[in-house]
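Order as written gives the chain letters A, B, C, D, E and F; numbering starts at 1 within each chain.
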Amino acid sequence: MTNHPAEKIAVRDLKVDGPFWGALKRDLLLSYRRKSDLINPLIFFLMVATLFPLGVSPDSVFLAEVAPGVVWVAALLATLLSMDSLFRSDFEDGTLEQLLLSPQPLFMVVLAKVLAHWMLTGLPLTLMAPLLGVMLFLPADGMSGLVLSLLLGTPTLSLVGAIGAALTVGLRKGGVLISLLVLPLYIPVLIFGTASIQAALTGLPVGGYMAILGAMLALGLIMAPLAISAALRISVSG
Amino acid sequence: MTNHPAEKIAVRDLKVDGPFWGALKRDLLLSYRRKSDLINPLIFFLMVATLFPLGVSPDSVFLAEVAPGVVWVAALLATLLSMDSLFRSDFEDGTLEQLLLSPQPLFMVVLAKVLAHWMLTGLPLTLMAPLLGVMLFLPADGMSGLVLSLLLGTPTLSLVGAIGAALTVGLRKGGVLISLLVLPLYIPVLIFGTASIQAALTGLPVGGYMAILGAMLALGLIMAPLAISAALRISVSG
Amino acid sequence: MSFETFAEFIDMGGHGLYVWLSYAIALVVIVLNIVNPLMQKRQIFTEQARRLRREKQAS
Amino acid sequence: MAEKKWMPRWFYQLASPRWCYQITGKLLPIFAVAALILLVGGTAWALIYAPADYQQGNSFRIIYIHVPSAILAQSCYMMMAVAGAIGLIWKMKVADMVAKACAPIGASIAILALATGAIWGKPTWGAWWVWDARLTSMLILLFLYLGVIALNSAIESEQTAAQATAVLALVGLVNIPIIKYSVDWWNTLHQPATFTLTERPAMAMEMWLPLLVMVIGFYCFFAVVMMLRLRNEIIQRERRSSWVRELISG
Amino acid sequence: MSTPRLKIENLFCERDDRILFDQLSFDVNEGEVVQIEGQNGSGKTTLLRILSGLSRHYEGDIYWQDVPIHSCAEAFRESLLYFGHQPGVKAVLTPEENLRWFAAMHPTIDLSKLDYALAKVGLTGYEDVPCHTLSAGQNRRVSLARLYMSNAPLWILDEPFTAIDKKGVAQNEALIAEHAEQGGTVLLTTHHELAMGDLIRRVNLDQLAGTS
Amino acid sequence: MSTPRLKIENLFCERDDRILFDQLSFDVNEGEVVQIEGQNGSGKTTLLRILSGLSRHYEGDIYWQDVPIHSCAEAFRESLLYFGHQPGVKAVLTPEENLRWFAAMHPTIDLSKLDYALAKVGLTGYEDVPCHTLSAGQNRRVSLARLYMSNAPLWILDEPFTAIDKKGVAQNEALIAEHAEQGGTVLLTTHHELAMGDLIRRVNLDQLAGTS
């Protein structure tokens, strides 16, 4: 096996990424490498969309009625269940330690990780939602409300979930605990999310609901990274 | 710090367990140590029961109608999601290698592990199901069908899911893949499970459904451990 | 011949969109199925040829 | 290897990737021509000459794509599972490669069946999708395919990947009849069948013959793609053997 | 001469287009300690995993007491004690519970020597604490305790001395020598300089693989 | 005399009712290599994690250039390179990608030395394979490559030589000595016999902890 280090040095891009981009790129790359990470939430989403008609009732009128709720519950569960792995593998292989020892602001790194998580769960879920809507016979009026509410709601779910993940990462087994911690915080998002779709379906204005979802997102963006950083330091020091 | 080895030898029970009991006892002990493992599926189950009325509709007539399906879908998802961890930690800390190098029949050990898994997910789910039924306003007629169908169906879910877990354990990330692999195999159980409750609700005989669920369980009990053993050897050799 | 005119043929008794869409999708699937392994073959050959050249150079 | 002594000669030969590469090289053009003729001719027949259905009119012509693809999607799975089993039991490399080549073809054909079915459903049932037994079991078949593909691509070692997918395909094979059975039952129980596929009047000969042509054409097409993929796979895996080196450098 | 315990013939293994070893042949007899040498990445672990039956990524033949290894898998496993890079210790279980499980899985592990073994590896007083609170070396000692409890004739040890302190290394070396003297067979890798002198036969993978 | 780089005063740590060290005080100056000694479980890792700021399970004071460590956390982290029991290498990423990430997180890591560092740790030719296909030693070498790229004055290394072959150990020892000569500070633990001779100052935890 021959190597051409000299050649390689010449062509290699040696730009150093900042902490935000470095973390974001790495997390996306990790998911890309594992491939299955990318389709994970989608599969889950599709699964729910398949299981539900199979298990409950294939009747189209009935399905149309429950569609908004089912899509939102599925999105919520998909996010919740993917949360546990957010910091766990980093914890186990020692990269989390390295992260905490980095002089870079933890706030940015954490935000990048959450963004990567959302891009790999919330965003595809949002983009897939219309397909799900069709499979569950959601009337066309509700589609825009569905997509918009998911777009505003799922980042909040990722942010809040990450707090739970950070708090439980040091434990031998966090899988359940995280659900318990995070679920109560998810419920307001669920309620406003489904309410907005119902409103869209009945022709009522949805602006108010979207404003509330947006406000929750803004709050989350400011507060959650602080909470996550603090939680991570505590978990690792234990 | 003083030690009294002599004393300890005297009181210690030195009976060697067989492979089946050894594996079963260890897996139960592991879950007991982690505590949260025990309540994990229950929490998930409860979560679905809470989210569903919140997200979809709190109407009691509606809920009664969907209750069998929702309970079964929840049981299925709870099992599916707990499947990934069945062999993963064993793989990572090297105990799976030791298991495969044991002269004891792998069939028995695998069966014990699946049994332990079922005792920690399927069984509590089954016992919890009546509570869920009440929360979702399931009529009393359906209760026995619900419990019986879960009792016969959830072991099959554990067995089949373990095949998926064994196939994906060697991968860096199996979490999603396993859903994709296992879901199609779960659908018959879901269909017969819900159908039997529907039959019970409408006063039809449920014997036939239970017989089929039982037959699937029997088939699974014989075939699945073989498939799991083969899959484990393949995964570890990779 | 079940069609009198070409326009009728295209229209398919009002179901033209569905019929032609189906056949178009079928065509796409067939073509992709043929093209994909052919491209793969080219890629494998160039890759392996490069590997062989490299090995020859090395030895 | 010593254990293979008792096997017949052809089995030996089949097991040799090199022989397989040569034989497929000869068969490929034959099947390619056959597929081309059958598919083009069948399509012309189907679209132009076959009579319209008295109930459904011309939308019925979708059947000439839909049914062959539905049939092919199912038999492709069988082939994959059987090849996988052979690879698993007799450690036959070529069988592994056949199984691997089957999965993407089967999945794409299953998608075709689903898509044409869905398109057909719109004019006939007024909906793109209904949770009917056949559609559901087809969807599940697609999931099975996707599972096999995903597992195969997730495992890096070729040998391990082949063995693991063979196990999965076999487990899926056991499940296919169960799925079919369960879905049929489920449908008759839940939902009064508004429309059943089987209760249509027996098909007229002039409708049936082009269908037959298309079905055979689809099988030939499958054989072509199968061989193309198989040959790639052989080259890829045997890249270090001397005959492949010659083939590539020559 | 009697038949060799373990006979390796023309072993070939390749990973990622890199040939790790080719035409590797050697015998291992009773009472021998064989150290597999080689630099990082030369294929020591790969070889030991193949010999133990864990990995099937190889061509060639391996015989256990003159029987091909795959036709006597169970008998072979009964004679084998394998210690890998991952020590196989469950973090939430205590050392004692871990060893009990090992004993349940391997009939050759003698549970009545439990306390003796724990004392020998310096874990008396730690029997009842979960292993994740133990230090890195202590964790590996839990798994090493099996060596004191095992009746298996063949030991395959992949870097058994990693993270072990000097006193522990000396003790384990003595144990290995003793096992060999009593007719046992040991295959091991380590980057430590072993003090066993001429008891050890060395198989070097660097030259085979043609690495520097 | 100038102020010591790192000043440890009256450090006390207890885990599970076992006192690991009490009244531990020592200074570390520029150009010094301090080896923390002790048998398995004596508290070496615990001490290093405390000093690096990862663990807060202690009483006592730690000063970095005369400032309490918690009031100059960021400056301290900027001067620190920490190598722990877990090397912090992502299994699905390649060595190059792993090092790029390290560089993004630590401004003191000089990415332009990437190829030099990979060559030094013997990973040329492995830049583009995922780390989980690397051997145990190669995996740790990925993380060790940081030493060749780092400008941080303080290195805290917890068993850096685990799973590394002899040639690699010698090379890394030389690197550590060189770092010290250039005014760097190294705190390390290892169960290897170091060949650096009198360059090294030893802190023994066994005596402190009162373990045998």
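Throughout what follows, a residue touches a chain if its C-beta (ideal position, glycine included) is under 8 Å from a C-beta of that chain, and two chains touch if they have at least 3 such contacts.
Values in this document were obtained by computation on a predicted structure and should not be read as measured data.
In this assembly, C is the chain whose CA centroid lies farthest from the centroid of subunit E. For the self-contact between subunit E and subunit F, the two sides draw on mostly identical residue numbers; the shared fraction is above half. Centroid distances built from C-alpha atoms place F farthest away from subunit D. Note on chain placement: the centre of subunit C and the centre of subunit D lie 17 Å apart, centres being C-alpha means.
Centre-to-centre spacing of subunit C and subunit F amounts to 57 Å, using the average Cα coordinate of each chain.
The distance from the centre of subunit E to the centre of subunit F, each centre being the mean of the chain's C-alpha atoms, comes to 30 Å. Between subunit A and subunit D, the centres computed from C-alpha atoms are 36 Å apart.
In subunit B, 1, 33-34, 92, 171-173, 177, 180, 183, 187, 191, 237 are the positions where the chain touches two or more neighbouring chains simultaneously. Among the residues of subunit E, those in touch with two or more other chains are 56-57, 85, 91-92. The set of subunit C residues touching two or more other chains is empty.
Only residues 1-3, 9, 12-16, 18-19, 21-23, 25-26, 29-30, 32-34, 36-38, 40-41, 44-45, 48-49, 51-52 of subunit C touch subunit D when the two sit together in their complex.
Of all the residues in subunit D, the ones that touch subunit C in their complex are 39, 43, 47-52, 57-59, 61-62, 65-66, 69, 104-105, 108-109, 111-112, 115-116, 119-120, 122-123, 221, 224-225, 228-229, 231-232, 235-236, 239, 244-245, 248-249.
The residues of subunit B lying in touch with subunit E in their complex are 1, 3, 5, 8-9, 12, 14-19, 21-23, 26, 29-30, 33-34, 89, 92-95, 97-104, 109, 236-237.
Across the complex, subunit F meets subunit E through its residues 15-16, 38-45, 85, 122, 126, 129, 133-138, 141, 159, 162-169, 191, 193.
Touching subunit A in their complex are the following residues of subunit D: 127-132, 136, 139, 143, 150, 153-154, 186-187, 190-191.
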